[in-house]
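Right after this note come the structures.
The following pair of complexes shares a single chain, subunit A, combined with subunit B in the former and subunit C in the latter.
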Partner chain A sequence: MTSLLVLFFTAVIALFAGLFKKRQWLQPLALAGTGVAFGIALVDINTSSAFNERYASMLQFDTYALAFTVVALLATALIFGLSRWGFRELSDTLGDNYALFLFSLCGALCMFSFTNMVMLFLGIEILSIPLYVLAGSRRDDLKSNEAALKYFLMGAFATGILLFGIALVYGSTASFDLHQIHAVITANGHSPNMLSAGILLILIGLSFKVSAVPFHMWAPDVYTGSPTMITAFMATVVKTAGFAAFYRLFSTAFTGAGDFWEVAVAMVAGLTLVLANTTAIFQVNFKRMMAYSSISHAGYLMLAILAAGQPGAGGALLYYTLVYSIATVCAFACFLLVSEQNLDETFTAFNGLSKKQPLIAATMAVAMLTLAGIPPTAGFFGKYFLFTVAFERYPWLVVLAVINAAVSIYYYFKVIIAMYFSPEENAYEVKIPWSIRLTLAAGLILIALLTLMPSSVYNLI
Partner chain B sequence: MLDVIKTIPIEYYVYLSSLLFCIGVFGVLIRRNAIVVLMCVELMLNAVNLMLAAFSTYLSDEQGQIMVFFIMVVAAAEAAVGLGILVMVFRNTKTTDIYKLDKLKF
Partner chain C sequence: MSILLFILPFIAAIALLATRHLPARPIALTATLANLVVTIAALSTFNGDGSFNYEVNFPWVASAGISFRLGLDGISMLMVLLTNLLAPLIVLSSFNQQYNLENRYFGLVLLMIGALNGVFMALDGLLFYIFYELALIPIYFICAIWGGANRIQITLKFFIYTFVGSLFMLVALLAVYLKTPAIALENGLPEAVHSFAWEDLVAVQLDPTTAWWVMLGFFLAFAVKMPIFPFHTWQPDTYTTAPTGGTMLLSGIMLKMGVYGVVRWMVPLAPEALHGWAPVFLGLAVIGIVYASLIAFKQSDLKRLIAYSSIAHVGLIAAGVLAWNKAGMQGGMIQMLNHGINVVGLFFVVDLLERRIGSRSLFDMGGIARSAPKFATLFMLVLLGSIAVPLTNGFVGEFLLLNGVWNYNSTLGAAAGLTIILGAVYMLRAYGLAMFGETNRHTSEFADIGLREWIVLGSLAGFVLIFGFFPQLILNLTDGSVNKILGAVQF
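Right, the complex of A and B next:
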C-alpha cells in the first residue's frame, strides 16, 4: 500500500516537474520514486502492518503481491535507467511520459494485490489507459498512431468482455469479493451455467490482456509500432501484471468451480505455444520477433495458471516473470542502441556487432540464451519450475511446451549468429552512453544472481 | 420503485443486456469506422451496467450499483483518451477507416 502511494505521488511530482521545465530532475526523480517504493516493498514482505490490513477487503499487500511488486519495480527501474537516452528526443512531453509510466505502474500494483473484482477492473484500466497514450506518444509517426489506435480498440473491447464476465459472476454469487465468491462456489459444489459463462468471459478478457492466442492479433502490431521504450514496458510490466492478476483471481476465487476453465486454459496454452513459436521463426523485424516471443512466453506462463493453487505454482510464476522481464529489458536496451544508431529494425542491424561492441553483443547473447532457456541460464530454471508444477496433471501440454522451447532456440539464435558470425556490412558507429552501460551491468548482475540462487525466489511464495 | 423493477423477471434483464452486448461485439468486429467501433464498445459497457443494476436490485445488494459508477467513470476516461487518439490519427491520415491503417502488416 505504501509503495503504491509513493509511486502515485512521484508521478504527480513528475507531472509538475515537466510543467515547470525541470528536464534534468525527471530521471533521478523517477528512479528515486521507484527505488523508495522498492525498498518499502522489500521491508514489507516479512512484516504485516496495520495500515495494509485496513484496506484488506479491497487491496491486500500479502507476500504474493509484494513479490510481484518487486518484479514490476525492478523492470521499471531498468527501463528508467535507459530513459535519459531513450527519451532524448522528447522535449515538452518528457514529464508526461515519466508520469504516465508511473501511473501505469500504480495500476499494475492494484492488479497484484486486489481481493475484490472491482479493484481488478480498476487496476487493469489504470494500467491500460496510460499505455494507450504512451503507445501513440510519437504523434507524427503513422506507425505509432496505428499502434495506439489498435491497442486502444482491442483493450477497450477486452475490458467490455471482462466486465460482462464479472457481471455474470456477480449475478450468480452475489459478491465481488474473491473469498466470498470462492465460498459460494464451494458451498454449491457445482457451477451454474451463468457462473461458468462468466468465468469463461473473464478468461477471454484476461487472455486479451496477456496476449494469448487466439486473442493475440493486436500484440505484434502494437509492439512493433510503439516506441521501443514503451514496447519494453509492455512486454515486461504489463505481461507480469496480467499473469499475476490472472493467477490471483483463478487460484483464490475459481478453484473448485469445475474443470471446464482448466480445459479452456490448456487449449489456449497449447495454441499459444504452437502458433507463436512457428510464426516467430519467419519474422525479419527484431521487434516483431520479440512480440511473438512474448506471446510464446504467455503460453509457458499459462502452465502456472493450470496448476493454480498447488504448492510451487506461484513461486514458479514469480521466478519466470522476473527472469523474463529482466532478460527482455536487456534485449530491448541493446536493440534500442543498435537500431537507433543504424536506423534498421531487422536482424541485419546486428551483423558483426561482436567486433564493434563486444560488451553489447555479449549482453544481447546472454539475454537471448536466457529467453531461449538454454541449461545453465536462469531461463532454464524458470521453464523447469513451470514444467514441474504442470507435469502431474497435464503431461501432454508439458511435452508440447518442451518441443516448442526447442523450436524457439532457432529464432533466438538468429540474433546471436548475426552478431558473431555474420560479416560486418555497414560502417556505422555504435556509441554507448554511460547510463545504458550501468543499466545493462545491473541487468546482467540480476540475471547472474537469479541463475546462482533460483530457489530463494522460487520459495518466496 | 424497486417493486416496479421486480415486476419484470430477472431473466428478461439478462436476455436484454446479453442482446445489447452481442450487438456491441458484432459492431466492433464488422464496422470499419473507428468512431462507430468506439460507440459499440460503449454499448457493450452499458449492457454490463444494465445487467449489474438489475442483479443489484434482485439480490438486494448495493455493490453492483457502486460498480456501475466505477464503470461509468472508466468509460468516460477511456472515451476521452480514445477520442484523443482518433483526432491524432485523423490529423495524420485524414481518415477514420480502420482498414486503411495497415502500415504494420507484413
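Right, the complex of A and C next:
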C-alpha cells in the first residue's frame, strides 16, 4: 500500500517537474521513487504491516502482491536506468512520459493486490490508459500513431468483454469480492451457465491483455510501432501485471468452478505456444520477433494458470516473470543502442557486434539464452518450475511446450549468430553511456543471482 | 576432489573469456594438466567396489529437491579419466592452428571440459541435465566461430537436434521425479518435496506404460548424442566442418555422454521398459553399424570417413551396453576409453595431413610413408587400435562387446561382427591410398612430424599399446560398479 502511495506521489511530482522544465531532475526522481517503493515492498514482505491490511476488502498487499510489486518495480527501475539515453530526444513531453510510466505502474500494483473485481477492472484501466498515450508518444511517426490507435481499440474492446464477464459473474454470485465468489461457487457445488459464461468472458478479456493466441493480433504491430522504451515496459511490466491478476483471480475465486475453464486455458496455452513460436521464426525485424517471443512466453505462463492453487504454481509464475522481465529489458537495452546507431531494426543490425562491442554482445547473448531457457541460465529454471507444476495433470501440454522451447532456439539464436558468426560488420563503435553500462551490469548480476539461488524467489509465495 | 575437477577449468575459462590479453595457450595447457594431476590423485585413492567416492552434496534448490551432488564410482572415474587424459592432448593439438580470438577459443574449450567432467560426476538428475546442456553451448560456439564452410547452418542443425533430444530427457526426468516420495522439509516449509537424487530416482517403481515413455524420452536424448541410426544425420557434417579441437571434443568425449547416460540414467531409472525396448534399440544400433561402415567405404574425404567409422564404433558400444550383460557392459566401458583415444588420434592425423597438403581428399595423398616414416608408423599404430587388431587397445573392447551382443542374440551378434571386417577394409584402404603408392607434388616434400606433434601422436599411440597389453587396468576399475548396476537391474 505504501509503495502504491509513494509511486503515485512520485508521478505527480514528475508531472510538475516536467511543467517547470527541470529535465535533469526527472530520471533521478523517477529512480528514487521506484527505489523507495521497492525498498518498502521488500521490507513489507518480511514484516506484516497493518497498513497493508487496512483496505483488505479492496486491495490486500499480501506476500503475493508484494512479491509481484517487487518484480514490476525492478523491471521499471531497469527501464528508468536506460531512460536518460532512451528519452534524450523527447523535449517538453519528458515529464509527462515519466509520470505516465509511474501512473501505469500504480495500475499494475492494483492488479497485484485486488480482492474485489472492481479493483481488478480499475487496475487494468489505470495500467492501460497511460500506455495508450505512451504508445503514440512519437507523434511524428506514423507507425507509433498506428500502434496507439490499435492498442486503444483492442484494449477498449477487451475491457468491454472483461466487464461483461464481471457483470455475469456478479449476476450469478451476487458479489464482487473474490473470497465471497469462491464461497458461493463451492457452496453450490456446480457452476450455473451464467457463471460459466462470465468466467469465459473474463478469461477472454484477460487473454487479450496478456496477448495470448487467438487474442494476440494487436501485439506485433503495437510492439513494433511503439518507441522501444515503451515496448520494453509493455513486454515486462504489463505482461507481469496481466498474469499476476489472472493467477490471483483464478486461484482465489474460480478454483472450484469446475474443469471447463481449465480446458479453455489449456487450449489457449497450446495454441499460443505453437502459433507464436512458428510465426517468430519468420520475423526479420527484431522488435517483431520480440513481440512474438513475448506472446510465446504467455503460452508458458499459462501453464501456471492451469495449476492455479497448487503448491509451487505461484512461485513458478513469480520466478518466471522476474527472469523474463530482466532478460527482456536487457535485450531491449542492447537493441536500443544498436538500432539507433545504424537505424536498422532487423537482425542485420547485430552483424559483427561481438567484435565491435563485446560487452553489449555478451549481454545480448545471455539475454537470448535466458529467454530460450537454455541451462544453466535462470530462464531454464523458470521453464523447469512451470513444467513441473503442470506436468502431473497436463503432460501433453508440457511435451508441447518442450517442443516449442526447442523451436524458439531458432529465432533467439539468429541474434547470436548475427553477433558472433557473421562475417559482415554493421555495428558501429560508440561510447556506451555509463547509465546503460550500469543497467546492463545490474541485469546480468540479477540473472546470475537468480541462477544460483532460485529458491529465494521461488519460495516466496 | 570432484569439485576441483570441474571448477579448475571453469575458473581458467572465465579468466580467458573475460579478458583479452592473458596468455591463452599456457593457461589452457596448465589447467588441463592440473586436472589430469587431480584425476591421477583421485585414481590413486580410489575405492572400486561400486560405491561413490569423493562425494559432495550441497542443497541448491531445496524446495524442489535439487542438490549440487557429485560423486565418482568406477564408471564415472573411467569417463573422467578419459576426459582429462585427452584434454591436454586436445589443447596441445590446437596449438598447431592459428585461431583468431585465441582467448575465446581456449576459454570455450576449457568450459566444455569442465562441463564434461560435471556430466560424468553428477548424481542429481537435474544437475546432470544442466551439465549435459552446458557442454553443448561451448561446442556450438567453437564449431560455429572457427568451423569450415556452411558452419552456421550445420552447427545450428546440430544444436537443435541435440537440444530437442535432451528436452525429451528433461520431460522423462520430470516424470520419474514426480513419482519419488515427497518428503516434508525440515525448515518448516509447508509443502513436501520430491527428490532428484540418483538413488531416489532409481528406487521409483514405474508402471509399464510410464516406463515405456520414460525410456523413450531418455533414448531420444542419448541416441542423438551418440549418435545411433537414424538420429545420426547431424554428425558427419558437424565433424567435418568443426575445427579439429572441436571434432576431437565431440568424437572423443562428448558422444560418450550418450553411452554414459544410458548406463547411469536411462536403464536404472526405467528398468521395467528395457525388456520391451532392447530389441528395437539393439536393432537400430546394429543397422547403424553396417550402414555407417558401408558409407565409410565410399568416402574420399578422410575426415568424413572417420566420422562414419565413429558412428559404426559407437553403434557397437551402444549395442553391447544395451545387451545388458557383463561382457557387453565391460566391453562398452573399456571401448569408450579406447575409442576416445583412437578417434582423437585419427582426427589429429587428419588435421596434420590437411595442414601439410591443404586437402583432406585421399586422392590428393599418396606415398607419404616414404617421406615421413615416423608419422606413418604412429598413424599405423593408432589405426591398428581402431580396427581392433589383437594386442592393441581396440581388440579387448570389441571382443567383449561382440560377445555381449552375441549372448543377447546370435544373429545380431553376427551382423555386428561385420564392423570389424568392414572397419579393417575401409581403414586399410584409406591408409593405403594416403601413405603408399606414388608421391605427388604435395606429398613428395611432406615434412615428418615435429616435436609437439610427436608428443600428441606418440602419447596416443602409447595409450593404444598400454591399454592393449593391460586391459585389466580398466576392467578392474569398472568391475565393481558394473556388477552393482547389472545386479540392480535384472534383465
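Assume the second predicted complex is superposed on the first by the 455 of 461 C-alpha atoms of A that agree within 3 Å, B and C clash if a C-alpha of one lies under 4 Å from a C-alpha of the other, contacts with A are read in each partner's own complex, and residues count from 1 in each chain.
Here is the rule we use: a residue touches a chain if its C-beta (ideal position, glycine included) is under 8 Å from a C-beta of that chain, and two chains touch if they have at least 3 such contacts.
A quick note: this is a predicted structure, and the numbers were derived from the prediction, not measured.
S.K.: Contacts for A:G256 in the overlay, against subunit B (first) and subunit C (second): which applies, first, second, both or neither?
M.R.: Neither partner.
S.K.: Residues of subunit A touched by subunit B versus by subunit C: which partner has the larger set?
M.R.: Tallying touched residues of subunit A, the top partner is B.
S.K.: If you stack the two complexes on chain A, which partner ends up touching A:P28: first (subunit B), second (subunit C), both, or neither?
M.R.: Touch status of A:P28: no partner.
S.K.: Touching A:E125, do we find subunit B (first), subunit C (second), both, or neither?
M.R.: Only subunit B; A:E125 stays clear of subunit C.
S.K.: Considering only touches as defined above, state whether A:F381 meets subunit B (first), subunit C (second), both or neither.
M.R.: second
S.K.: Go through the superposed model and pick first if A:P395 touches only subunit B, second if only subunit C, both, or neither.
M.R.: A:P395: touches subunit C, not subunit B.
S.K.: For subunit A, which residues count as touching subunit C in their complex?
M.R.: Listed in rising order, the residues are 311-312, 315, 369, 374-376, 380-381, 384-385, 387-388, 391-392, 395, 398-399, 402-403, 405-406, 409-410, 413, 417, 420-421, 454-455, 458-459.
S.K.: Touching subunit A in the complex: which residues of subunit B?
M.R.: 14, 17, 21, 24-25, 28, 34, 37-38, 41, 44-45, 47-48, 51-52, 55, 59, 61, 63-64, 66-67, 70-71, 74, 77-78, 81-82, 84-86, 88-89, 92-93, 98, 101, 103-106
S.K.: Show which residues of subunit A lie in contact with subunit B when the two form their complex.
M.R.: Within the complex, subunit A contacts subunit B at residues 118, 121-122, 125, 129, 132-133, 136, 139-140, 142-143, 145-150, 152-153, 156-157, 159-161, 163-164, 166-168, 170-171, 174-176, 194, 220-221, 224-225, 285, 288.
S.K.: Taking the touch rule as given, give the residues of subunit C at its contact with subunit A in the complex, in rising order.
M.R.: 60-64, 126, 129-130, 132-134, 137, 141, 144-145, 151-152, 156, 159-160, 163-164, 167-168, 170-171, 174-175, 177-178, 189-191
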